[in-house]
Structures are given as structure tokens and as C-alpha cells.
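You will see two complexes here that share subunit A, one where it goes with subunit B and one where it goes with subunit C.
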Partner chain A sequence: MTPITIVFLITAIVTLGAAVMVVTARNLVHAALWLILTLFGVAVFYVLLSASFLAVVQVVIYIGAIAILMIFAIMLTRRVMQDTGPTVNQGWWLAALISIALFGGLSWMLSTWIGFDTNMPQLSQGADSLQQLGQALVSPNAYILPFELASVLLLAALIGAIMIAWERK
Partner chain B sequence: MIPLSYYLVFAAALFCIGLYGVLARKNAIAILMGIEMMLNAVNVNLVAFWRYRTPDLIVGQAFAVMVFAVAAAEVAVGLALIISVYRSRHSISADEIDMLKW
Partner chain C sequence: MGDPITLIAEFIRGLLTGWGFSSGLVTLILKFLGVGAVASFVLVLDILLVWVERKIVARFQDRLGPNRLGPFGLIQPIADVIKLLIKEDILPEGADKVVYNLAPIFPLATVLLLWAVIPMAPTILGSDVNIGVLYIVAIGDLGTLGIIMAGWASNNKYALIGAFRTVAQMVSYEVPMVIALLIPVILAHSMGMQSIVDAQSVWFVVMAPLAALIFLITSIAELGRAPFDLTEAESEIVAGFHIEYTGMKFGLFYAGELLHALTVSALMSTLFLGGWRGPFVEQAPILGVVYLFIKAFFVYYVIMWVRYSFPRLRIDQMLNFCWKFLTPLALVLLIVTAILDKVLAGAATSVYILSNLGANLVIAWVTVQILVTYAKRERQRVGQEREIASFRKPEVEELIAQEVVK
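Here is the complex of A and B:
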């Protein structure tokens, strides 16, 4: 048990516990707050995986934008969804069964894979992963096409969101 | 050191919890939260595979950034749809939104 393993295990338990609370909490505002904790846990994993830029982006975009947007939507639609009645539909046991079966299947499939127990390789000295990422995203030999597609997708999604939510008089 | 398997099992568990939320919850916003958790699990996998298998190629992080952009687009459109449906039906319960059902 190295210290980093202990950090990993604590973060994993907190993150998964918060994730379970997200899908079981009656009050949606509470669910959104648990979601924020889950997203923070994932940001800690990015740090452990030495993806510092993604950890920052996770906090800024997921927690700063997406979670807050969700809380806005919950507040705007709060009047009808009171905390009465069941929060899950009748087939919830089937959903639980499918999830557990999928988890078992995924774990089994991964455990038969030869690279399952790979240990963390050393990052090559002097390599700046942030600089590499920035160059890869705009280099014609790398990922400029998916990058530009993602920009167009974001633009289209924002225009679409405005059109959908527009209140016609 | 932590082997790759820890991250893969963690991501699988997070994905399955999110899947349960998507399949079982009634509230449309809760379903969106489940989708967000599933996308996060995918991202953890992408970054873990990058770090453990191909640390010299940046492809894992590059596609994690794409997933961020797609998640932001998805949540913007999803919440706009929910608010639009709420305005016309006064409900965001997924089993009452059946206008498209034949």
C-alpha cells in the first residue's frame, strides 16, 4: 500500500458512493450536488494519471458549466416534480440487473485481456504533455479535423438550443 | 504503483451506475446526469489507456477533449429540450413525454 494507492482507493470509494447517491437521491438538487462531488473525484483521477490540463478542464467545464446548468434547469422545472411519488419507473429492477450484468461482463472481459495488469510507465523526461496536446489539436498531421468538427458541433448545438428553448409568442 | 486494472474497473463501475440512472430514473434531468457520468467513465478510460499504454502519443487526451465538447453540446441541447417540453406539457417525467410514440 503506497500512499498513492491509498489516495486512489479513497477517491474511488467517495466517487462511486457519490455516483450511487446521484442515481438514488429523491431531491434533484441534492442529486446535482452529489454529481459535483463525482465530477471532482474524476478530476482527482486525471491528476493521478498526470493529465493536468484535463483535470483543470474537468473542474471548469463540468463543474463550472454543466453542473451549474443542470441546477438552473432543476430550479426552472421544480414546480411540478415535487418530492412525491417514486423517482424510478417500474422497470428499475431490470435496469439494476442490466447494470450489474454489464459490470460483471466488462470486468470479466477486461480480466481476460493480456494488458490488464500493466504498470504505469515513466513519462519520458522533458516531454510536456500539455504542449503535445496543443500541437496535436491544431496540427494537420494529427487531429485538426476532429477538432474543427467539434467546434462546428458546439456552434450547431448552441444555435439549436436557442431555437428549441425560444418561447414563441 | 496502481495497475491499469484499478482504473478500468473503476470506470466500468461508474459507467454502470450511470447506466442504471439513465434506465431507471423518471426525471429527464436525472437521466441527463446519468449520461454525464457515463461520459466521464469513458473519459477516465481514455486517459488511463493513454497514460498506461501509449504515453508518447497524445491521442487519448485529444479524444478526451473531444468528449468534453460533445458532452457540453449534448447537455445544452438536452436541457433546452427539457425546458421546451416543460413549457408545453408541464412535466419533465420521461414516461409522460410520449408525443412521438405511435
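Here is the complex of A and C:
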């Protein structure tokens, strides 16, 4: 077992454990904090894959923005935290069915994947992966269309938010 | 040329290899030693900062400050630490025990993490990651988390209000801060901290003075220091998010805040003031550490100067200032810097520097003009005769008339 495998296993256990805690925790703020640990675990996976940019972006967006806003929203709904009712509603069997189907499908897909035995390819020496990613995002031969589409989507969301918050006089 | 730190590291590496350790293990041990050394150095410096802060605030307020223990009161912080350590540790009624105890670790730990990417000298730096600038932003977010946890877990309304204010402030001020951080990235063509310092043959504060100013202002806001100290406004919400904390847990918040101020100063020096650059640094790399800390302490002094000179902002002023002033200005600066960088791709360095400086001056002038116009309009608006409370004038007159009839 190489050191990277040990780190991977520890991270995987922590991430999955935290994910289970997210859905079982009674207290919503605790659930949000467990969610942050899960998201952080995913960031560690990115680091293990040498995708440092994605790892940091994961922390900035998911922990810095989304999780903090989530906690903020939960704090504003104080009574929810004292809720002692059941944690599942009537549609639980549907959710369970979809989860099992999704998990089964993903497992089946991964079981037919042949990439498990190949080693991680070494990056060419001196190449800046960040620079390559940046150029790929704006290159017409690569991902310019998805990139611009995402930009338009975010811009639309931004304008929508302003329209909702606009105070007409 | 070698510097003492590298020499010691090489000596230990030789020693451990001689004892028969594998090279991977030796590297691991050296990394742990390096982390320990940087963290200890910064934490010891933190104790000194308590003294610096108290002594300088005393000078600003025309007092003497700590002067009883040791020469110039230098032993005072150690006495403070002992006092904090032996104080009673109180867990408030109804507090969330785990989160409450976990929260104080975050502010100090995240600040320590920032030192991993600050290059102290040409040869001394923790990790030269190619995403250094983004890493700083990410770590700052984790620091916010600690404050929210503290505010929520204390089961105290003032603590919760403090936490709310903190979130509003930090999430808002992060926007202009990130945009301002992108400007040195454009100028240096890299996100790595070491490359940014390497690119500063002319300090970036010359090429982007407005970006430096925005970064300083937003950093002070992220620190939660006056004039942005709404998060712990004594006269409104007692002490904000750390109201319930006693002893060393309070000490961790306090130490975290002081160290954060110095760290932000070090970041400011690295990004805009040339970092470890200075005379003779090529011959003796260890001088870089000295230069970095001289610059950092200068910025730290400016931050303290601001802190003890300005009154606290109101919460709407704080948010307006961020969203209606800093963010648009930062966006304009970013666009102009990016266009200039492309247009002047092949131009001489002096042309590049002068046009960037010129663009900044023009933007500053336009901004001041807009502000002057706005201030004039605002003064007129405030000066206008307004109706009393929610009554309209005729209604008030009618009421008075009724009173007179009675």
C-alpha cells in the first residue's frame, strides 16, 4: 500500500461517514456542518488527483459560498432546529428506489470500466496545468461553448436575482 | 547561495539519510519539521503582537500602555497568556458543546494555514502552489465558518447577531477582494505567490495603486477591525460572536485576530509591496525574511492607524460601500488592467508601467468626481425640509387645529 492509497482510504471513510451523518443528523446546523466536512473530503480527492485548481475552487464555492449561505438560511429558521418529528416523509420509498437505482447504475458503469489498473499518467515536466485549463476553457477547439453557456446561465441568474430584489418606486 | 534554513534542512536530511531512512520518509519528516518551525515562529510572534498592539493603541490614545513588567512592559503578554490559561472555562447553558469547543480552533488555524503560501525569501517558502491567490481566498472562507459556528453554538442572541453580521460582511467584502486580487495575477501572469514576487521588479503598488487600496480596505473588513467592527461592536452587541467564551478559548479568538492582521499585512506586502524584495537579497536570501517583516509591520501599523482613527460604520453604510463603490470600482480596474495588458503585450516595461499608473490615476480622478457629485446631491437631500415622522404636513396641522379647538 502506497502512502497515497492510505490517504485516499482515510479520506473516503471520512467523506462517506460525514455524508451519512448529513442525512441522519437531527439538528439541521449539525447536518450542514457535516456537509461541509463531506465537501472538504471531495476537495481532498481533487488534491490526490493533482487537480489543485479544482480542489481550491471546491472549497471557495461549496464551502465558502453555498454551505455558508445554507447555514445562514437554517439559522434564520430557528424553529426548524427544535423539530423532533420523523426525519423521513411519505415519499421515502421513492427516494430510496431512485438512490438504489442510481447507485446500482453507477456501480455497474464503474465495474465495466477498465481504467482501474492503469496508473495515474505523469504530467509532462514543466507544464502548468492551470494555464492549460485556462486556455482550454477559451479555445474554440475545446470548451468555449460550454464555458460561454455557463456564463450566460449565471448572468441570467444574476439578472433574475436583481429583478426579484428590485424595489420599484 | 545557501541560507541558514536551507543549510539546516540539508544537514538534517544528510543526518537522517545516514541513519538509514528512505528518501521519501526523510522528505516527510522534513516537511513536518518545516510546518512546525513556521507555525511556532508565527505563534511566538503572535505573543509579541499583543504587546505591539497594546503599546501602539496606547500611543494613539495618549497613554503609556503596558509598562510595569520587564523593560517597556515586554513581559506583559506572557503574564496575559498565563492569566488566560488559568481562567475558569465556562460552558454556557444550552450551548452546543462540540461545535462550541470546535469553533475557536478555526480562526487561529486558518490564519496559520495562510503562511504556507507566503514566500519569506527566494529560497524559503512553504509551498509554491500555482494557485496561491485562490488558496488565500479559500482559507479565508474557512475562517468565516469558525465565527458562524461560535455565534450559533453559544446560545446567545448577541452572539448570533454578531455571527449574522459577520456573514453579511465577509460574503460581501469577499467580492471586491477577489477582483482586486486578480489584478496582481494579471500583472504577474501567474497565480503562484513566488512568481508574483518574482514579477515585481517594480512593486505592483506603483502599477495598481487603486487595487492595493481596495485590497487593504477589504482586508480590514475581513479582519472585522474598526471601522468595520460591527461583528463585535461593544456598544451594540457586547462582544459579538465571542461573548460567551472565557479563558484560553477567548484567547484563541484574540490571538487569531491579531495574527490575521499581521498575515493580511504580509499578504499585502507580498502581493503589492514586493514581498521579500530588497537590496542584497540575491547574495543573502535570509535578508528577504527581514524585508518581508519590515513591510508587513508597516502595513500592520497602517491597519492599526485606521483602526484607532475611524468611527464604526453603520451596517447599511458598510454594505453600500462594498456593493455600490468598491465592487464597481474593482470591476472597472480589472477590465482596464486586462485590456492594457493585451494591448501593450510587446511594449517596453517602462511604457507598460507608466500606462498602468496613468490609467489608475484617470480612474481615481473620475471616481473622485463622481463621489463629489454624489456628496453634493446627498447633502442637498439631507438638507431638505422633511415632514415629521410618518405624518404628512396637512394631517399634522389638522391635529394641531383639533387640539386648539378642544
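FYI, the second predicted complex is superposed on the first by the 141 of 169 C-alpha atoms of A that agree within 3 Å, B and C clash if a C-alpha of one lies under 4 Å from a C-alpha of the other, contacts with A are read in each partner's own complex, and residues count from 1 in each chain.
The criterion applied here is as follows: a contact is a pair of C-beta atoms (placed from the backbone, for glycine too) under 8 Å apart; a residue touches a chain by one contact, two chains touch by 3 or more.
Note that the coordinates shown come from a computational prediction; the quantities given were computed from them, not determined experimentally.
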| item | value |
| --- | --- |
| Touching partner for A:N119 - first (subunit B), second (subunit C), both, neither | first |
| Touched partner set for A:I98, first subunit B, second subunit C, both or neither | first |
| Larger contact residue set on subunit A - subunit B or subunit C | B |
| Subunit B versus subunit C as contact partner of A:L33, first or second or both or neither | second |
| First, second, both or neither for A:F53, with subunit B first and subunit C second | both |
| Which of subunit B and subunit C A:S129 touches, first, second, both or neither | both |
| Touched partner set for A:I66, first subunit B, second subunit C, both or neither | first |
| Residues of subunit A contacting subunit B in one complex and subunit C in the other | 53, 57, 65, 69, 72, 129 |
| Residues on subunit C engaged by subunit A in the complex (per definition of touch) | 24, 96, 99, 129-131, 134-135, 137-138, 140-142, 144-145, 148-149, 152, 160, 163-164, 167, 171, 174, 191 |
| Subunit B to subunit A touching residues, read off their complex | 1-10, 12-21, 23-27, 29-30, 32-34, 36-37, 40, 43-44, 47-48, 50-53, 55-56, 58-59, 61-66, 68-77, 79-84, 86-87, 90-95 |
| Touching residues (chain side subunit A, partner subunit B) in the complex | 2, 4-5, 8, 12, 15-16, 19-20, 22-23, 28, 31-32, 35, 38-39, 42, 45-46, 48-51, 53-54, 57-58, 61-62, 65-66, 69-70, 72-74, 76-77, 80-81, 86-89, 91-92, 94-96, 98-100, 102-103, 106-107, 110-111, 115-121, 123-124, 127, 129, 132-133, 136-137, 142-143, 146-147, 150-151, 153-154, 156-158, 160-162, 164-165, 167 |
| Complex contact set, residues of subunit A against subunit C | 3, 27, 29-30, 33, 36, 52-53, 56-57, 59-60, 63-65, 67-69, 71-72, 75, 128-130 |
